[in-house]
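The structures considered in this document are given below.
In what follows, subunit A forms one complex with subunit B and a second complex with subunit C.
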Partner chain A sequence: MTDWALDTPYLLWGLPLMLLPLWRLPLRPAPCSWHALLPVDTASRAVDLSLRLAGAGAILALLLGSAGLHRREYTVERTGYGAHMVLLLDRSRSMDDSFAGRTPTGGEESKSAAAERLLSGFVSSGRNDLVGVAAFSTSPLFVLPLTDNKAAVLAAVHAMKLPGLAQTHVSKGLAMALSYFGDDSSAGSRIVLLVSDGAAEVDPDSELKLRRWFKEKGIRLYWIFLRTAGSHGIFETPDNPEDDNAQARPERYLHLFFSSLGIPYRAYEAEDADALERAIADVDREEQRPLRYAERVPRRDLQAFCYLAAALALAWLVAAKGMEVAR
Partner chain B sequence: MSIWRQRVADPVFAGLIVALLLAVAACFPLRLVLERSVFSHIVVVDITRSMNVEDYRRGARAVSRLEFVRQSLIGAVADLPCGSAVGVGVFTEREPALLFEPIETCAGFSAISAAIEQLDWRMAWAADSLIAAGLHNTLDLLGRGDADVIFVTDGHEAPPLNPRYRPDFSDLRGKVRGLIVGVGGLSLSPIPKYDESGRRSGVYGEDEVPQRSSFGLSELPPEQIEGYHARNAPFGSERAGGTEHLSQLKEGYLRQLAEAAGLGYHRLESPEGLGRALTAPALARRQRIATDVRWIPAALALAVLMAVYLRVLLPRPGFSTSN
Partner chain C sequence: MKHKEFHYRLTWRADGVQPGAHPSRQGGGVHAFQRLVPFQAHPDPRRLHLRASLGDPGGHFWVRLHEQRGRIAVYALADLSASMGYRGRASKTAVLADFTEGLALSSYRTGDVMGFVGLSDRGVPDFHLPPTRQVGAALMLAERLRGFRPTGGSARGLLHAVRYLPSRRGLVFLQSDFHFPLGFLKQVMESLAHHDVVPVVLWDPEESAPEASGLALMQDMENGMERLMWLRPALRARLSQTFQERRERLAAMLRGFGREPLFLSGGFDPDAVTRYFHAG
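Let's look at the complex of A and B:
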């Protein structure tokens, strides 16, 4: 019974009113000279009792109904397709440029706008993911915890449209994203989806920490690298060996770092919105694993039942009253 | 008189019939379109260093401005009527960062409160605190939509603002709606210093923060500046002393900014006060929703039924047991 509730419980102060119909019947007392003369009649007793209960029941039902009796919303566990996923979004200033590396003009779309549009579609598709959102620029930003509230996740993805902040400090962002997952790695597949247009060197301290966490928490990592035209790709080996270091090619070294983690990892290089769309579709396909998730069963209003019960009880009273012997 | 007339003339019978009809009516869906007040806020919280000043108290414990803001905001969000929406952003330097657009507060409460819980000075991507410029940018970026902007700050400009370069709010006046929430105590308090890993390491000293603006040109004419040199010392050679390493709520300044931008002002003193400020009628929006009003016939049925039973209690005129 604990899942039943009232909207305005103070109406229950009216419950003592139920005593009134139990005490008096709304019927005219039939005169008789001496009660003891009347035979004990079980049927009459039963009718008498039923009318008293009907009166009390009608009052109870009307009170419960107007107090808004309902069954609370509850959750049931179901199995669907999806994952526990943290979207780690780059909010650095360069995300506001187009894929060509300029301030978007006319019909051009900035990288952040393209990511916002396509991620929105991904989030609102029929998946049953539990999604959290984290963002980073120079510092990590905690945005939303893992939630099944799609409207909330969309609201967080939409916030990407606003101007970016500063630089790309990816290791702090990764640490923040990993902190969303507890140590128990049994609950479904865990994904970090990193969307960024650049990278930065991972300092040795964070490197050790990240290495351990990725392993311990059993994370699957996807990196969608929004490559600006003319910039270095993540799969490219520099022609000049002098450039082959983390300062000159942070993207390539971040990719090498991720590859060396020994976790399931995939990188995509998106040079335009279509490539980004294909990358997101690929993640969607890859991550179709069964996931146990909680589905909300919305609250169920029970007022109608209360009023129906009250109407039946009152109908019985009306019938009895209507059969009263007229004098 | 027919038997029916006689029956219906009996107030008890008539009452029972009326109660029955009302109860039957209540069984059917009955909705009225009513207007109710909802709110839509984008709360932008200052997360610069001065927000770490511990000049609020909860019980016997001193708590930082930011912690008090977090607690108060969560309480205030919980108090908003369902259908309201809250978005959260943070502010540092001169730019706001929106974490998420407004989310409905009843379905999204756990997400919103978790996000507020995590607001932390370590989210700051820059250390400056240019309040007026930040307010201007915030209103410009976020204030033109449907939501009211709630700008939560202590008003402590760091480095101090050169009065010559005050942002002009006249372009925004009347186009944005919202509230500045002033945070902090009115007396000067030291600003705690934290190291990279979040450990506390004393407080800021007088010579650790800029005590005056050194941006652009001084507001004073050069002849009034001690040791003025156009290139090497445009603000004079005198050592600047002051109280910029201490922080207090700059209420006068914030009121002035609120006035300039056409916003309201509220000083954060208690979570309940913030809750009231965020549900002020001036910020309400009307939302038309179909409301279930079956309780009205039900309540009437109950009233009639009670009247019937009370009538039964009364001595009946013309009734006598001797008959």
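Let's look at the complex of A and C:
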């Protein structure tokens, strides 16, 4: 499972140098008239062996250190509570307005800023979600694939504070959000959390495709609709039957489309930051299922350990040299 | 200058004809009375023994025969294998040179001829001085010995020493550190059994009881093998004990060949050599 590797393996050609300290000791030989008269001494032999091994070890550690020994990055499968979640964020220009539909002034908070603040809190709340971020305006924006890297998700969510782009083209965004999930639907629950302040008509081509995908991939859909004061709600039935069409009331028709998908679907209408918070808390509570996910353990450099080992071995050798009998 | 001479004494009788200082089997001298011989065997009327001649029923004349003291050849037989290059408190070759000098002077004063054979691993001597009464030659050899660095890998040449020694029994000082197996020593001693061999063991206090503490990489001077020793009081005690045991085994072995070994530790002491011959 753990995988060791070197940056510059050709330095290992120096490994035969290890034989040198095994062959000769780094002490100056003192003439002795006859070895047979020297008593056999276990402690001396242990010191001898330790010096030889320290020499070889020091060379080995230095070579491994300079060759850049490291443990490769690998992934472990973990179980946690959370979901595979794609935050699909509306980046249309209207998101920069306040809930009152104006350019925010003074203490007012724009819809995007409120969504950013609350989503940040949601992301960093200690769940083991695998979160991906996608955005859409006229065309979909690929922001961040599914990842357990909270810092990256937070950065992607913070990017919502940047001024928005143009129109709302929700069907392309949905298609992109769905493309985040693979075909294997077994791993945990899959959520698309759509945060938008408007909607658009879903054209028939996309509609077919989306229907199929939502079904195939077993997606649970949450739609947090940031309703601007005075606009039409998603649950409202228009008084005038003439207005009851996808062009006039895209929000309502998108809602009807989602409801007709035959997948778990919840829609929240948030008219202010508090309502948005409640909606997010709701999602947080609902989506606490055991989730198996793969965690990436990053590469770990072991050079420091190599150099530490080399330093210790060399220190022992230097100490031995200091203990050498001067003649 | 410190005196270097010592006195040696034989426990046997020389059998040479040349007059000298040692007890001899040769008659005709003026020293101790040996026996009565018939006048015809030693026709010297001055030594006529009256009582024996008058009492002889056959009427033969008897004369007294007195001993003539004889001269012997004294040899220094030196082991010049590499281990003799050991330098402890004193260099062993220097001790060897001192001893040779002392022997040259002593044998000159005693009136004996002296020779030197220095052998290492070959059968050909590195140093060879045929028996001579010229003390200067031996002194020069001793001087050359002082600057000699022995390199021979073993002392096997000692087995050939007998070829360079005279045929008459002589006094041979076998100078070596005796750092070779006892079996080899036995062979050497057997090859020299004809002579009176005085084993002179040159050891150094530094090799049996080193004063230093710490790590020492001991390199055998003859085969170059290295062994690390961590010198500490416990090991030093064991080292001295090993040398003590070696000393006892050497003595026991050499006693069987008729002579106690003479241990010279850390230098040449002529008085110690004199004591060896005269005390006990």
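The rule we apply is simple: the second predicted complex is superposed on the first by the 227 of 327 C-alpha atoms of A that agree within 3 Å, B and C clash if a C-alpha of one lies under 4 Å from a C-alpha of the other, contacts with A are read in each partner's own complex, and residues count from 1 in each chain.
Heads up, the rule we're going with is that contacts are C-beta pairs under 8 Å (C-beta built on N, C-alpha and C of every residue); 3 or more make two chains touch, one makes a residue touch a chain.
Please read all numbers here as calculations on a predicted model, not as lab measurements.
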Which of subunit B and subunit C A:25 touches, first, second, both or neither: both
First (subunit B), second (subunit C), both or neither touched by A:48: second
Subunit B versus subunit C as contact partner of A:94, first or second or both or neither: neither
Subunit B versus subunit C as contact partner of A:140, first or second or both or neither: first
Which superposed partner A:59 touches (first subunit B, second subunit C, both, neither): first
Which superposed partner A:38 touches (first subunit B, second subunit C, both, neither): second
Touched subunit A residues, subunit B compared with subunit C: B
Footprint overlap on subunit A, comparing subunit B with subunit C: 24-25, 28-29, 31, 324, 326
Of all residues in subunit C, those that touch subunit A in their complex: 83, 85-87, 177, 179-181, 207, 210, 212-223, 225-232, 235, 238-239, 241-243, 246
Subunit B-facing residues of subunit A, complex: 14, 17, 20-21, 24-26, 28-29, 31, 55, 58-59, 62-63, 65-66, 68, 91, 133, 135, 137-145, 147, 149, 151-152, 155-156, 158-159, 162-163, 165-166, 301, 303-304, 306-308, 310-311, 314-315, 317-318, 321-322, 324, 326
Touching residues on subunit A, where the partner in the complex is subunit C: 24-25, 27-39, 41, 43-45, 47-48, 51, 320, 323-327
Interfacial residue positions of subunit B with respect to subunit A in the complex: 3, 6-7, 12-13, 16-17, 19-20, 23-24, 26-27, 87, 89-90, 95-104, 107-108, 110-112, 114-115, 118, 120, 122-126, 141-142, 292, 294-295, 298-299, 301-302, 305-306, 308-310, 312-313, 316, 319, 321, 323
